[in-house]
Amino acid sequence: MVLDVNWTVKWLTLCAQAMAEHRLELIELDRAIGDSDHGENMDRGFQAVLAKLDEDMPETPGAALKMTAMTLMSKVGGAAGPLYGTAFLRAATAVGDAIEVEPAAWAGALAAARDGIVARGKAEPGDKTMVDAWTPAVDAARVVADGGSPDVLDVLVAAAEAAEAGAVATDPLVARKGRASYLGERSAGHRDPGAVSTALILRAAVGAAA
Amino acid sequence: MVLDVNWTVKWLTLCAQAMAEHRLELIELDRAIGDSDHGENMDRGFQAVLAKLDEDMPETPGAALKMTAMTLMSKVGGAAGPLYGTAFLRAATAVGDAIEVEPAAWAGALAAARDGIVARGKAEPGDKTMVDAWTPAVDAARVVADGGSPDVLDVLVAAAEAAEAGAVATDPLVARKGRASYLGERSAGHRDPGAVSTALILRAAVGAAA
Amino acid sequence: MKKLINDPRSVVDETVQGFGLAHAGLVSVSTDPLFISRQDVPVAGKVGLVSGGGSGHEPLHAGYVGLGMLDAAVPGAVFTSPTPDQILPATLAVDSGAGVVHIVKNYTGDVLNFETAAELAEAEGVSVRTVLVNDDVAVEDSLYTAGRRGVGGTVLVEKIAGAAAQRGDDLEAVAAIAERVNANVRTMGVALAACTVPHAGTPGFDLAEDEIEIGIGIHGEPGRHRIPMESADAITDRLLGPVLADLKVSSGDKVLLFVNGMGGTPLSELYIVYRRAAQIVADAGATVERSLVGNYITSLEMQGCSISVLRLDDELTALWDAPVHTAALRWGV
Amino acid sequence: MKKLINDPRSVVDETVQGFGLAHAGLVSVSTDPLFISRQDVPVAGKVGLVSGGGSGHEPLHAGYVGLGMLDAAVPGAVFTSPTPDQILPATLAVDSGAGVVHIVKNYTGDVLNFETAAELAEAEGVSVRTVLVNDDVAVEDSLYTAGRRGVGGTVLVEKIAGAAAQRGDDLEAVAAIAERVNANVRTMGVALAACTVPHAGTPGFDLAEDEIEIGIGIHGEPGRHRIPMESADAITDRLLGPVLADLKVSSGDKVLLFVNGMGGTPLSELYIVYRRAAQIVADAGATVERSLVGNYITSLEMQGCSISVLRLDDELTALWDAPVHTAALRWGV
């Protein structure tokens, strides 16, 4: 298994599928502590990515990630659009024009993506945002990637599992960034929608490699 | 038992009581085929009549009826205000300045009231309006009044019973006047609120004589 | 029932008080009897324009008091026409000697109360002409009933007759212009959800989640037909069809297209309806010369809309465009 | 969910199309990317004013495009900020060389998308100043969070900054006026019933028949506290207290008092709230110099209102009074 452009395209396709399937769930999460649009936004964005893939097949993982960044930036809107847009853009820059992305490079790309989100959104871990899924994912990916002769599937699995755990761990938090922060204490007891969509994206990465 | 000013005042007081008690019922009837205000309008009007009686006690039945006419005209609004206002005004004119109203004169006053309503509102019997309670009441009162040495209580009872039956008989009618006419066939199957308030008024007349 | 009110019985008084405070430079409020008038009535030499009716249709009528429109508005209780003892003093207050036009929506209650007031005003030496507005094509068999209701067209009659009075037309001429507008306007409405009259406490009718009422009036009363929910375009077709047919709109006609919200419908939805309505009018070969979209004659928080079409001629267009300065309609000044 | 729409996904496009048709003489519509601009942009020598945000707040922002207010409005999906590829061309379209002010409501999404667009515009040689509106006093601990939201004050910022641009102020001066308005306005809102985002299909929050949400924003999101239903006067006190305290309104101040409907509340109720609010302001020794009552920044069909107070000085009052000609605000022209 290698992270080439076929994997990347399959990943993005699975992301689109996941957003369509979980659209209502993400809307419902956003309804509780936000404005009921996260599922709609992500679904719209990834459907647009699919349409782009139909038009023009990218030649490298980096090209696919960059196209995704630009598409999300221009189709998602809201907070999630610029944040995911920046994340994919930084990941694209990190992988450069490699034909195949090595495990360590992928861990680095995830870190770059997370750093991009933090740079734009200024959220810290614990603020109850997507950063709470990205940060444990980045850490877990790096641990596996830094081990002896890592398998890239293990890196992807570690990231997905950590992101999922990170999303669940947002439940008790009081939001300090994003729309949920307006709710104050009332934001506790709900899962952050952006953390959940992050987990879906990273889980799709595993699916594409399976 | 005679129809003097005491009876008239007691009648108006019982009218006010009846409108307050049946306020919601009249609203509910008007809700079905009108605009949900008949009970509120009648209640407001007769409360104002009570207030006037408190200020200034009339000296004859005719004076009491005239005061009622003016008050309903200026406080009820809607269709019912001018119609009941005209009815009481015509009745006041019919009884003149008599100290006691004889049975035949009362039957005549009721007829004058009904004629006033028809003159203003142009409704015919069967149009599903208050006329469908007034007309049988007038007829029944006249029959009793025209009989040998009539008891005025019998005149009042006959009018009330006929009005009540007339109100019930509006149920199957399709409205051709007033707000209910906009509903067309959908007005059938509902009782006309103005016919019901007419019956309440004529029933109160019996109560005042009992 | 959840409403931003203090007491169902003080709703009208407090609304008018708030209105008077918010538009203090524009209107005066008489509290007993209750009516709202232009600051500067009577306007010397000008025919006075008075309208009124039940409350709950805001901004109608108080929102249309001001230069180029009404001289006074007389609010009744919610959905209940005002009484002669309000209408008469309003009429006397605005009469400059040039006479007064009563613009009356065709409902039994409004007609009877304005009729009495007009008689009393004439007895005091004021010439009164009454113009009945009856533009609602949802009312069928109107010959055998109380006739068609006055609905959306009322706003257009008040604006255009107001402009005629403002430019100095005499009593007969102002009444004639008002009649002409009424003769050339038709309206039909739909409700998606009923409104609740404060003193009643329950909605005027009950609609299931997938039902709408076609042919509603403006008093929270049920409509003529109840049908399953449809798309905005289908509903627009259903409303506009009878309007265009009854008005006999044909190729080359110039019209004013008015999409009115009933109070509880988002403006965005009114524009979706307007979009389709404009297409249909264009398909009929007519030209939309002027438009109006918004909540201008409402039924409390009812959800739904009405569509009005007014056939224009050059004079009506010019009068529509004439300056108006009221709380709810303002341009040219 | 019952709405006058055709398809949840075409709501914004069709609304804007209808808006463009209804106000054809006033605005132009670019459909791809979607934005609305004055007919006559770029206006030679004038600083351009661009605002935008999620849809569902109509008439904001498209309703404020025109002479003396915005040069362009950029609508996102319902309650979702627009994207840089809409904001950038709108910015380029209105720039006459004098630069462009972005008026941005302080939400993470709006801030980020406008930020990107501003960067791209600067890269194309257009000077952009961004003014964040953050007038919502319901947001506590704002130092440690995303900060206060931009709500009702946005309308006032757009009107007054628009007048400054129209009279010929330069880029820094227009931005400074906008900042001054924002610094002097505070707002707080209440919801009696939630709205339903078309693509979501269920209300943004659930309220019992006897509950209200205090401290709501304009995105159908839940508020800060949920309390039992109260009278209009009590609710008004509850909203206006924090507004006056935070703005430190004191005796002798002159203010603009703005009671805004959330879209589904009858105008009559807004006047009942206004009545009480005007009393409270008077009790505080301040003078209401200007007022605004109506549905100016909404949340679809949400029931409720917000109250804004803007402290005026002579220049702000003059700019408020300056002519404006937009679909939703018009005077002096």
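The chains carry the letters A, B, C and D, assigned in the order they are written, with residues numbered from 1 in each.
The working rule: a residue touches a chain if its C-beta (ideal position, glycine included) is under 8 Å from a C-beta of that chain, and two chains touch if they have at least 3 such contacts.
Bear in mind that the values here come from a model prediction, so they are computed numbers and not experimental data.
Peer 1: Centre-to-centre on C-alpha atoms, which chain is most distant from subunit C?
Peer 2: Of all the other chains, the one whose centre lies farthest from subunit C is A.
Peer 1: What whole-number Å value describes the gap between the mean CA coordinates of subunit B and subunit C?
Peer 2: It comes to 32 Å between the two C-alpha centres.
Peer 1: Which integer distance in Å separates the CA centroid of subunit B from that of subunit D?
Peer 2: 54
Peer 1: Using CA atom averages as chain centres, what separation in Å is found between subunit A and subunit B?
Peer 2: Centre separation, subunit A to subunit B: 75 Å.
Peer 1: Make each chain a node and each touching pair an edge, then name the shape: line, ring, star, complete, other.
Peer 2: Its topology is that of a line.
Peer 1: Touching pairs of chains, which are they?
Peer 2: A-D, B-C, C-D
Peer 1: For subunit B, which residues count as touching subunit C in their complex?
Peer 2: Subunit B residues touching subunit C: 27, 31-37, 40-41, 44, 73-83, 120-121, 175-179, 181-184, 186.
Peer 1: Across the complex, what residues on subunit D touch subunit A?
Peer 2: That would be residues 54, 76-85, 107-109, 112-113, 115-116, 138-141, 144-146, 149, 197, 199-200, 202, 204-205, 217, 219-222, 224 of subunit D.
Peer 1: Using the touch definition up top, name the residues of subunit D that touch subunit C in the complex.
Peer 2: 2-7, 11-12, 14-19, 21-23, 55-56, 58-59, 63, 192-193, 195, 209-210, 212, 229, 231-233, 235, 259, 263-276, 278, 288, 291, 293, 295, 298, 300-301, 303-305, 325, 330-333
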